[in-house]
Amino acid sequence: MAHVLGQNQYGKAETRVVRIYRDSTRHEIKDLNVSVALSGDLDDVHLTGSNANCLPTDTTKNTVYAFAKEHGIESAEAFGIHLARHFVDNNEPIHRARIRIEEYTWDRIRTPDSSARFIGSEEVGHSFVRNGGEIRTAQITYDGSRFEVITGLKELTVMNSTNSEFWGYIKDKYTTLKEAYDRILATQVTARWAHSWSGEETQPNWERSYTHVRRHLLEAFAETYSYSLQQTLHAMGSRVLNNRAEIDEVRLELPNKHHFLVDLEPFGLKNNNEVYFAADRPYGLIEGTVHREGVVPVIPVA
Amino acid sequence: MAHVLGQNQYGKAETRVVRIYRDSTRHEIKDLNVSVALSGDLDDVHLTGSNANCLPTDTTKNTVYAFAKEHGIESAEAFGIHLARHFVDNNEPIHRARIRIEEYTWDRIRTPDSSARFIGSEEVGHSFVRNGGEIRTAQITYDGSRFEVITGLKELTVMNSTNSEFWGYIKDKYTTLKEAYDRILATQVTARWAHSWSGEETQPNWERSYTHVRRHLLEAFAETYSYSLQQTLHAMGSRVLNNRAEIDEVRLELPNKHHFLVDLEPFGLKNNNEVYFAADRPYGLIEGTVHREGVVPVIPVA
Amino acid sequence: MAHVLGQNQYGKAETRVVRIYRDSTRHEIKDLNVSVALSGDLDDVHLTGSNANCLPTDTTKNTVYAFAKEHGIESAEAFGIHLARHFVDNNEPIHRARIRIEEYTWDRIRTPDSSARFIGSEEVGHSFVRNGGEIRTAQITYDGSRFEVITGLKELTVMNSTNSEFWGYIKDKYTTLKEAYDRILATQVTARWAHSWSGEETQPNWERSYTHVRRHLLEAFAETYSYSLQQTLHAMGSRVLNNRAEIDEVRLELPNKHHFLVDLEPFGLKNNNEVYFAADRPYGLIEGTVHREGVVPVIPVA
Amino acid sequence: MAHVLGQNQYGKAETRVVRIYRDSTRHEIKDLNVSVALSGDLDDVHLTGSNANCLPTDTTKNTVYAFAKEHGIESAEAFGIHLARHFVDNNEPIHRARIRIEEYTWDRIRTPDSSARFIGSEEVGHSFVRNGGEIRTAQITYDGSRFEVITGLKELTVMNSTNSEFWGYIKDKYTTLKEAYDRILATQVTARWAHSWSGEETQPNWERSYTHVRRHLLEAFAETYSYSLQQTLHAMGSRVLNNRAEIDEVRLELPNKHHFLVDLEPFGLKNNNEVYFAADRPYGLIEGTVHREGVVPVIPVA
C-alpha cells in the first residue's frame, strides 16, 4: 500500500530572549521563551533531500532576536504576531506559522535606604526578583490571511480550604471513596482562552486583557461553593466569557491536587480537618471548554 | 452572548501499578503508569452540582488495580482495551474512554555464582534492574463501538556521528548558519503509530508488533544518509509502513539535539569534528506524519 | 583488610504535611515537606538483620503528622525542634536526629465583590494562591544536648540589569572572555544561615528572623555595585551578619545565570545592551561562607 | 562582632563536552558533563573587587574543551586528573581544584542488512543509542600534592520481587506499620567509592575498576536475603571492599522506593503479592558508609 506525507511542521523551539528597556533609570524587562513551527511546501525537504524550500531553524532563532530589537516586545501576543506574519509573508514556501511563547515575569526589588538609584520612594530601577508563580502563555497562528490568538497561563496553584463538597456520585463494585461534605479543593490551573480578533487593523490591548482574565479566573475559583471540580471549572470559564467580550472560548485543565485527611485515631487524636497529606500521584484530572454559542472552538485538547 | 459547555473529560491520571507474576521462581514484572479520561453525559456535573452521572476518579483508579489482578497485564494495549471497554459498557452516562499508558521495562540481574536461585545458567529469578532508556506508550480510545489504538515510545535518544549534511537552504537577511557537509545528527525520538485494528475479534500481538516497529525505527535512523532531519524522519516513518502491515500511520517528533563544533583555533588547536558542545536550548524541532494513502490520520499534533 | 561500618543514618524523606488552622473564618496554612534522618546504635541493623533498635521510617512519618496536630506548626524551625527532641529523647538507640524541612508559602486571593466571606475589605478567608517563588528551608540537628539550627531559602531568582562589571582577571592561553563594563548580573540564590541558639530555654522568633534575613539578602544584592559575583556574595553575607545578631554564619551558592548579549551586527542592528540570550548550561557557580570571627562554621559545603 | 570569609570556591558548572574518536569507521564516543570548582587566594576578589587572582569560569570551560582535544578522554577520572592538575599547577593563586563529572554512556545500534558500513557482522560504526540507565560519576580533588578520586554511579534502579522481610522493629505510640515477611525491595542506587590511589605514578585502570564495582553492587543486591535495606546496603558496600583492593571506602544512598500492596478485598479479590502501588513520596532513605579499618573516610554526607 502506498503512503503519503501528512501534517508536518518544523522550527526552532525554546529560544530564550530577554529584552531590557533602558530609556530611563527605571529599566523594564520582557523575558520570553519562543518556539516557532512552520509548515508549507516542504515535501521535497522530506522526500528528495533538497533543502531549497527550507528556512533553517537557526534563521528563525536569529529572527526572534532581531525582532526583539527592531520591533521591541510590547506583549507576547504582539511579538508573536510580528513573527508569524514575517515568516509567512516573506517566504513563499511557508504557508503557516505557529508561534508559542512562555512569558516569565519579574517584580522590582525595593529597598528602604538611599544608597541606590530610586524611582519614587523605594524601587531600585534596575533590580528585579523573578515572580516564581504562574507562567503566561501565548500561541499565535497565521496562515497568510487570518490570525488565531490563544492566550493562557499555567502553573497557577490555588486552594480553597473549605466550601467544597463531593457526594451523590455513581457507586459501582470498585467504589470505595467516602462522600465528603467539607474537603480541601486544590488545583494547578492551566488555562487557555481564544480571542475573537483575527487580524483586523487594531489589536486588542493584550496586557490589559490578560490581567482581567487572570483576575476573573482567581475570583471565580475563590467565590464558587463547589460540588465538584467540574463545577468550579465551568464557573471559572463562564466568568471569563461573561466579563470579557474579546474572548470567545476558554479551556481549563485542572488536576485535582488531592489533600487527604490523615487518620490520627491510632494515636488517640481527632483530625478536625486540620492535618492533610498532600499527594503527588495519582490525581484526578478535569478538563473542559466553555465557548460562546455559534463559535467553533479552536483550542485543541491536550 | 450565551455560552455552552464544549469538549470535556475527566478521570484519574498517573495511577502507578506494578504487577508481579510469581508462577515460577522466574518472576515477571509489568510496570505501568495509567491515565484514564472519560466523557459523556456530564453537563449536569458541570452546571447543577449534581454528581449523579459522575463515576469518581477514585473508582477509575481502583478499577486499574482490580483489573491488574482480574485480567492481568498481558500488554499495555490489551490492558487498556479491557479498561476502556469496561468504563463505557458499564456506565450508561460514559460514552467515551481514553486510556493512556506509559510502560517502564526491567531487565534481569545476572550473577556468576550459585548463591541465588537461578533460572538457566545465570539469571536471578526475582532481581531486576530498571531499563532507563525509552518509555513505551499506548493510547486506547473506545466510544462504545470502535477502538483506536496508538502505540509509541519516547525518550529514545540516538546519534549518528557522521553521514549527515545540511546545505542548500533558503538564505534571507537573518541567516548566519554555515552549511554543513559532515555533522552530528542527534535526536530524542518521540514516535506514535496507529494500528488498523479497531475492535475485531482477534487482537494483534501487541508485544511483537512493538518490538518490530522499534527495530525498524532504529535501523532506518542508522542507515539513512541524511540531508535534513526531515528526510530522516520520513525514512523512519516509511520504513515502518513498508514493513508492518498492521500499522496505518506513524507520527514522529524529533528535536534536533544540537552538537556544536567547538572553535579551538584560539588555543592553536584544530577541531577535526572531534570536540562538541552539547546544547540544551534552543533546539530545532521537526515533526511529521507518514500515513497510508486513503487512511484518515488520527494521531493528534502535539 | 577488615572493614567497618562508618557514618550512617536513615529516616523518612519528603513527608508532605499541610496544616490548616480554622480558628476563625480567616484560615491559616502551613505547607511543609519534612525529611527525617536518625543515627545512633544501629550496627546490628546493618550487620545481623536484627531490627530491634530500628524505629521504622513509617513511624517517623506518622510522628510528623501527629505532631502537626499535637504541637501545631508555629514555624518550620519550632516544628523541627519538637521532632528532633522527640526522636532522640524517647528512643534510647537513637543518638542524633536531623530534620530537614522545605516550606511552601501561600498568599491570599482577594476579590472585589461581596459573594464570599470577607475578612476586612477584600481577602477571602479560605482561598489561597501558591507563592511560586523561593522555597524556605530549615535544618534542625539534635544530639541529646545541643541543637543546631540552619535556616535558608532557595530558588530565589534575582537580576540586576546594570551596575555589574567584570574585568582585570587572569588571562591564560585558554582565555577568550572579553572584559565587561556593563553586564547583566542574574543568579538563583541558595542561602543558608546558622543561628547562635543551641537549645537555651527561649527560642528566637524564627518567622521574624527569616523575614529580616531575606530582606537584607535582597537589598544587598540590589544595592551592591558589583565587580564580580564573588563580591556580591560577600556583600550579601556581610549584610546579614551586620544586621542580625542571632546569626553567626551565612553560606551562599550563586549560579551565574548568564545573559549573553546577542550579536545583531549581521542583521545591520546595534545591540545597546538590550537583547540577551538567557543560557542554561554551562554556568559559573560561586559559593562562599561568611562567619563571625571565632565561630566554627557548621554549614556543610554542597 | 567582626566577621571573616570562610570556605569559598568557584568555577564553571555543567560544561557538556562530547568527544568523538574517528580513527576508524567504528567511531567511539565519550559524553561528559564537567563541573569545576577552584579555591585558593581569593580574598581580594570577594573583598576589594580586584579580579587579579580570578581565573574566569569561562576559561575553565574553554580548558575543558581544549583538553578534550589535547589529552583526549580516556576515562572520566583520567580527564579530571588532567584538569585538576592543570588548574592548580598553572595558576599560583589557585590552591585546590575539585572536578566533578557525570558520564552518559551510549550503546551501538545494530542492523541486520548491508546498507550501512559494518564492523564485524552487525554494528553500524557511527550510530548510537543513549543508554538511559544509570549515570556514572567521578570527583577528582587536587591540592597541589595529593589527589583524591571518588568514583560513583546514580539513578540505577533495582528491585527484588521477593527475599525481603522487615519485622522486629521498635513499636511506639506512633507505629502503625505491619510487619512484612515477603515484600518487594526496590531502590534507586546512588553509590560513591574512594580509591586508595592519591597521585602515585601509575593510575589504576579506571574503566575496569568501574565495571567490576558496578557488577559487585548489583550481584550483592540480587543475592542478599534482606531483613532491612540497611542490611542490603552493608552487604553491597562490603562486597566491593572484599573484592576490589583499590577501593578503601564505599558510601551508599538508598531511597526505599515503596511498593505498597493494594487492598483488593473490597472488590472480592485476594492480592497474593501480585498488585502493587508504586509510591512517590514520602520514601525511606537509608545512607551509610563502609570503609577499611584505619582509613579516614573522605566521602561527604549528602
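Per-chain numbering from 1; labels A, B, C and D assigned in written order.
Quick note on the criterion: a residue touches a chain if its C-beta (ideal position, glycine included) is under 8 Å from a C-beta of that chain, and two chains touch if they have at least 3 such contacts.
On a predicted model such as this, the values are computed, not experimentally measured, just so you know.
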Chain labels contacting chain A and also chain D: B, C
More contacts between chains, A-C or B-C: A-C
Reference chain C; chain at largest CA-centroid distance: B
Length of the line joining the C-alpha centres of chain A and chain B, rounded to whole Å: 25
Distance from the mean Cα position of chain C to that of chain B, given in whole angstrom: 38
Chain A and chain C, separation of their C-alpha mean positions in angstrom: 29
Of all residues in chain B, the ones touching two or more other chains: 16, 62, 66, 174, 176, 266-267, 280-281
Sites on chain D touched by chain A in the complex: 173-174, 176, 266-268, 280-281
For the chain D and chain B complex, residues of the former touching the latter: 16-22, 27, 29, 31, 62, 65-66, 68-70, 106, 109, 111-113, 115-116, 124, 126-134, 155-163, 184, 218-219, 221-223, 259, 262, 264, 266-267, 269, 271-280
Residue ranges of chain C in contact with chain D within the complex: 1-16, 35, 37, 42, 45-47, 49-59, 61-63, 66, 90-91, 93, 166-170, 172, 174-177, 227-228, 230-231, 233-234, 237-238, 241-242, 249, 251, 255-256, 281-293, 297, 300-301
